[in-house]
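So, here's a batch of structures to check.
Each of the next two complexes has chain A plus one more chain, namely chain B in the first and chain C in the second.
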Partner chain A sequence: MAERALFAKTRFQAKESRLAYLLLLPSVACILGFMVYPLISVGLMSIFRTNRLGWLQKFAGLENYYSVMGDKEFWQITGRSILWTTLAVLSKTIFGMVIALLLNVKYFGRKIARMLFIAPWASSVPISVLLWSWVYHPQFGLLNHTLKMTGITNNPPVWLGYPLSGFIAAIWVDIWIGIPFMALVFLAGMQAIPEDLYESADMDGVNAFQKFYYITLPSIRRILQISTLLSALWTFNDFNSIYILTAGGPVNMTDILITSIYKNAFVYARFDKAAVMAIITFIILTILSSIYARHYFREEN
Partner chain B sequence: MRRIRFGKHLTVLLAMIVLMGLPSMSFAAGKTETAAGAASTATLFWAGYDGVTEDYRKGLQDAFNAVDPAYQIDIVPVPWDQMKDKLTTALAGGKPPDISIIGTRWLLEYEELGQLAEPGAYVGKATIDDIFAGAKEGVVKGKLMGLPVAAGARFMAINDRIGKGVPKTMEELREMAIAANDPPNQYGLFMVGQKNTELTEFAYYLYAAGGDFFEKKADGTFGKSTVNSAAGVKALSFMNQLANEDKVVQDGYLGMTRIQGHPMFYADKIGYVMIGAWVDSAMKQAGSTFPVTYAQIPPFAGQKSTPLIITDSIAFFSGAKNLKAAGKFVDFWYQSEWKGKFDELAGFPPITKKASTLPAFNTPMYKVMSEASVNAKGWPLIATWDQCQDQIWDAVSKVYLKLATPKEALDAAAAAIDKINNIK
Partner chain C sequence: MPSSVVNPAYVNRAYKKPAVAKWKNKFKPLVIFLTMVFLLIMLFPFFVMITMMLRTSQEVYITPPRWIPQAPTLKNFVLVWSQYLLAGYFKSSAIIAIGASALNMLLSIPAAYAIARLRFRGRQVSLYLFLVVQMFSPVVVVIPLFKTFARINLLDSYIGLIVLNAVFAMAFSIWLLSGYFKSIPKEIEEAAFIDGATRFQTVIKVILPISAPGLVTTFIYTFIAAWNEFLFALSFIQNQTKMPLTLGLYRFVGRWSSQWELLTTAAFLAIIPVLVLFYAIQQRLVGGLTGGAVKG
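Moving on to the complex of A and B:
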């Protein structure tokens, strides 16, 4: 009897499994079509010479890789991409945390404040960046106009005209767009912290910073880890901010890997070189994700 | 019980198929709508020109589609700065449009890849004969591979309220710009400092100095880069002098593309600007009221006037399926009032004899453009031009940023260009 029941359960499970596989099929097909196939295709491009349409012409082995890695500019761009990601993610995390703390405090108009803070994230990224390009405009821009009107300076910088100021201007736009996401995620984490922890802390005479350091921060640590990882992946591949504002200029000194890949592929029609750079970007991001994932799951265990 | 469970599975499966199929069905439905009752529907990638409205595009499409149900057109609007990407993707994917508006210099690239079809095989002789001979620039290996759609020489627009007359030479232009300059109220001359799609700014001065981008071989092909010639260095030194020594150009020029900077001219803040035919309609749209004079871009002393001419073409793609319909559409467009209207809206001088008789083109600006066309020179027809022009842009930027002298920057650019073109 027990054996029959077990057998019946197994058959049931087998049928359920079949249905599960069936339901998984569309997702698997999408992943194969939209992720695995392009990856293989780019991998092939990187070891072949390609024509100006990206069609494979002649096997080149690792020659394309040697050529890209022997180029000093490639390493400058890679270094700049890492700097770009580090600065942007760090800033988004700090600003996001501060804003989440402010939005977590109870006060009149908190709901409106939350809605306003989400606005940059909810709007279209290219349109936001285009608006910022007008904010930075040397003659008609809101920023320079404000700097002049308030008497801060009569000679404001040409934000997008120089490598350093262009880089700072672009990084600020990326931060501005990314802060709401971080703030929202942190806020969700903070709202899950039991109130009584803070009440006990109040009774023990703990100050605000200690409450943040000993209660809030450890409680949202896992959210912090996963959101910074996601943010790092998105920031590393943020094409819009740089390409729309400076197009990587002047003299390619604000280029990051993703903008350089685009230029090589679609402006210069050098698909083999672009493919090598894309594969290197993929490897960098995979390593970053793996380190994070190992750390994350080890802690979970 | 089993039947019920099987039925459930079947229902789920059918639901999934329907859900997955819906987008493709709606896509197909959309296609059917465009091609309603059509035997052959050609696709045209339609570049976005300033001034040419969506109403015009839709009107032209509807007008052609009403003529003969057997031949239809689907005019797909594409912004200019995305056209190359879209075409490359379409061609690489084996799904080219039947025809597309392209920059004439792209013809060589697509011809090398074996992607072009000769328009003469699909467009009527009467249409081709109606195009001015001088406008037929899209010739590759002796064959007309692109029909001109727009061609316009660049010229100078002078704000008569600020400017100090019409300069005969670049040296005179400098003196007049210095005299007109009164920052921040008004600036002598407009200059683009931020890299944008085309290298027009440097080309104006290079051609005015009698220079060129490449040496030209006897067989018509291009050789070594000559941007670092004496003329090239003179042109870039002069530009740098205007911008960084005389400071007669608008403040913040380094952070401005052409699109971002020209509104300063329309806003009555700049004396001299080297510009294209859109200036007239752009000024009207901006509500400019100052008097303006159009003149040739002056050469340097001792040189002859050689303005830059920009041409765009219509290319036919050999891998497409509806080339006959595409040819019929071009016949319709070029031989009707629609082409004249297009030229008028885009601000280009007419390239067909029929359109040139229209009164809209009898203005001082078109007169100056016609004169400029006589000695005008276009971009070099070279497949790697996008890479080459980026090298020159970088050289110009390096000089503006004081990272190199004009000679050093252009020497480096010429060496890089020769490397790109595998020339030793």
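Moving on to the complex of A and C:
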């Protein structure tokens, strides 16, 4: 009897497994077809010599990798990618934290302020970036006009005309897009902290900064980790801010890895070089997303 | 606690509380002031958009520029339709976004159900896989996809973009949906089984109706992602009539000069649908992205 029940159970489980695989088949097939297969294809491209159309010509081994890594520009672009990601994520975290703290104070109109703060995230990114390109316009743009009007500076730069100011202009747009997510997540975390903690801190005569450092920050530590990782992935991956604003120019001086891959392939038709950079980017992103996945599952369980 | 017993902590708190409130009140003006400053910064390009779309082209190109248009006008909202292929861009964006969302649902509902409700070997691995795939960078694979699409005539076609947008939003959708399915009590499903319903009937008649909010969130999420997509459109679409809004507007901008009063008007119109949809689902989105760390 017990044996039969056990048998029935395993049979039921086998049936359940089969159904599960069947249900997962379409989505897994899509991942294989549209992500894994192209990835292998890029991998192949990176170890072959390619022609102007991207067709594989001759096996090259690691030659393409050597030539990319021997190129000074590649290291500049990789360095810029890292700088881009670090600076932007740091700024998003700080701005997001300040805004979350502001929104965590109860006052009339707080809900509306919260709604308005999300606008850059809610809006269409490529279109927002287009708007910024007009905001940055040296002659007719309202940014430089406002900077002059308010006396912040009399000599605002031609934002998109030079490497450094172009980089600052682009990274600011990326930061601007990323702030709302951070603020929202931090705010949600802060609102989950029990009020009692602050009240007893008040009784002990703790000041605002200490309260932030000893109560708020430790309470949202987990959220801080997950959201900065997620933000790092998005930031590293941001194609739109740079491509739409400066297209990596002048002379590739504002390129990051993501835009450089695209330009090497579709503008310069250097497919082998693009493939090598794509594989390197893939490795960096996989490391980042594995860390993210690990943190996420620690939350779940 | 009997009311006769007085906890010293409560006495203390009752005594201290007004002081705290006073402290908070003192800082409230500062908080409101800083909030205003940050809002001005965060909404800056939108202010620019609004002031630009309400003026004539003569007023766009003046030095020094002006914040307030002298002769505000709404005629751009008429002009923009005739001077642009705007209607066509809207149509393309709508077809791609709706198509991608629908296809995405077809792909992710079964997968999400399997992950939420069925026991099978490799469940944990597939969860991990979907989470990592969510971060997959389109730029990494855009080159071979371009080659393949060129070979099978999917360049300049809606189908190519529909499929790609669906697939690249799929992992997150499965993630969101399986969360919803998991939150449905098993008893409800079991009751249906006992009544003689098959699994398929149970899913259609019980699970899906209950998780309607989750389905809507997932649909809207994919819709927004596809509406805002730029890289694939830029790489695969050359034909003016097939361009979605993001690409159409990008192509319209000459580097230094173009009709910005019309472009800002078009941008305004293009943003409205996603803005509305985004506000509808934002709370649930935050929860989905950060897992247990934040309750959405």
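Everything that follows uses one rule, which is that the second predicted complex is superposed on the first by the 267 of 301 C-alpha atoms of A that agree within 3 Å, B and C clash if a C-alpha of one lies under 4 Å from a C-alpha of the other, contacts with A are read in each partner's own complex, and residues count from 1 in each chain.
Please note the rule applied: a contact is a pair of C-beta atoms (placed from the backbone, for glycine too) under 8 Å apart; a residue touches a chain by one contact, two chains touch by 3 or more.
What you are looking at is a predicted structure, and each value in this text was computed from that prediction instead of being measured.
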| item | value |
| --- | --- |
| Joint occupancy of chain A by chain B and chain C, clash or fit | clash |
| Contacts of A:F74 with chain B and chain C, given as first, second, both or neither | neither |
| Which superposed partner A:W84 touches (first chain B, second chain C, both, neither) | neither |
| Partner chain in contact with A:A269 - chain B first, chain C second, else both or neither | first |
| First, second, both or neither for A:G54, with chain B first and chain C second | both |
| Touched partner set for A:V98, first chain B, second chain C, both or neither | second |
| Which superposed partner A:P26 touches (first chain B, second chain C, both, neither) | both |
| Partner chain in contact with A:W159 - chain B first, chain C second, else both or neither | first |
| Partner chain(s) touched by A:F167 [first = chain B, second = chain C, both, neither] | neither |
| In the superposition, chain B vs chain C on chain A residues touched | C |
| Contacts of A:A113 with chain B and chain C, given as first, second, both or neither | second |
| Those residues of chain A which chain B touches in one complex and chain C touches in the other | 19, 23, 26, 54, 133, 137, 139-140, 266 |
| Residue ranges of chain C in contact with chain A within the complex | 12-13, 16-17, 19-20, 24, 27-28, 31-32, 34-35, 38-39, 42-49, 51-52, 60-65, 67, 106-108, 110-111, 113-115, 118-121, 123, 126-129, 131-137, 139-148, 163-164, 166-168, 170-171, 174, 199, 227-228, 230-231, 235, 245-246, 249-250, 253, 256, 260, 263-264, 267, 270-271, 274-275, 278-279, 282, 286, 289-296 |
| Chain A - residues contacting chain B, complex | 15, 19, 22-23, 26, 51-55, 133, 136-140, 144, 158-163, 246-247, 249-252, 263, 266-270 |
| Contact footprint of chain C on chain A as seen in their complex | 13, 16-17, 19-21, 23-24, 26-28, 30-31, 34-35, 37-39, 41-42, 45, 54, 95, 98-99, 102-103, 105, 107, 113, 115-128, 130-135, 137, 139-143, 145-146, 148, 176, 179-181, 184-185, 188-189, 192, 199, 202-203, 222-223, 226-227, 230, 233, 237, 239-240, 244, 258, 261-262, 265-266, 271, 274-275, 278-279, 281-282, 285-286, 288-290, 292-293, 296-297, 299-300 |
| Residue ranges of chain B touching chain A (in the complex, touch as defined) | 5, 9, 12-13, 16, 20, 84-85, 88, 91-92, 109, 112-113, 115, 193-196, 250-256, 260, 263-264, 383-384, 386-387, 390, 393-394, 397-398, 400-401, 403 |
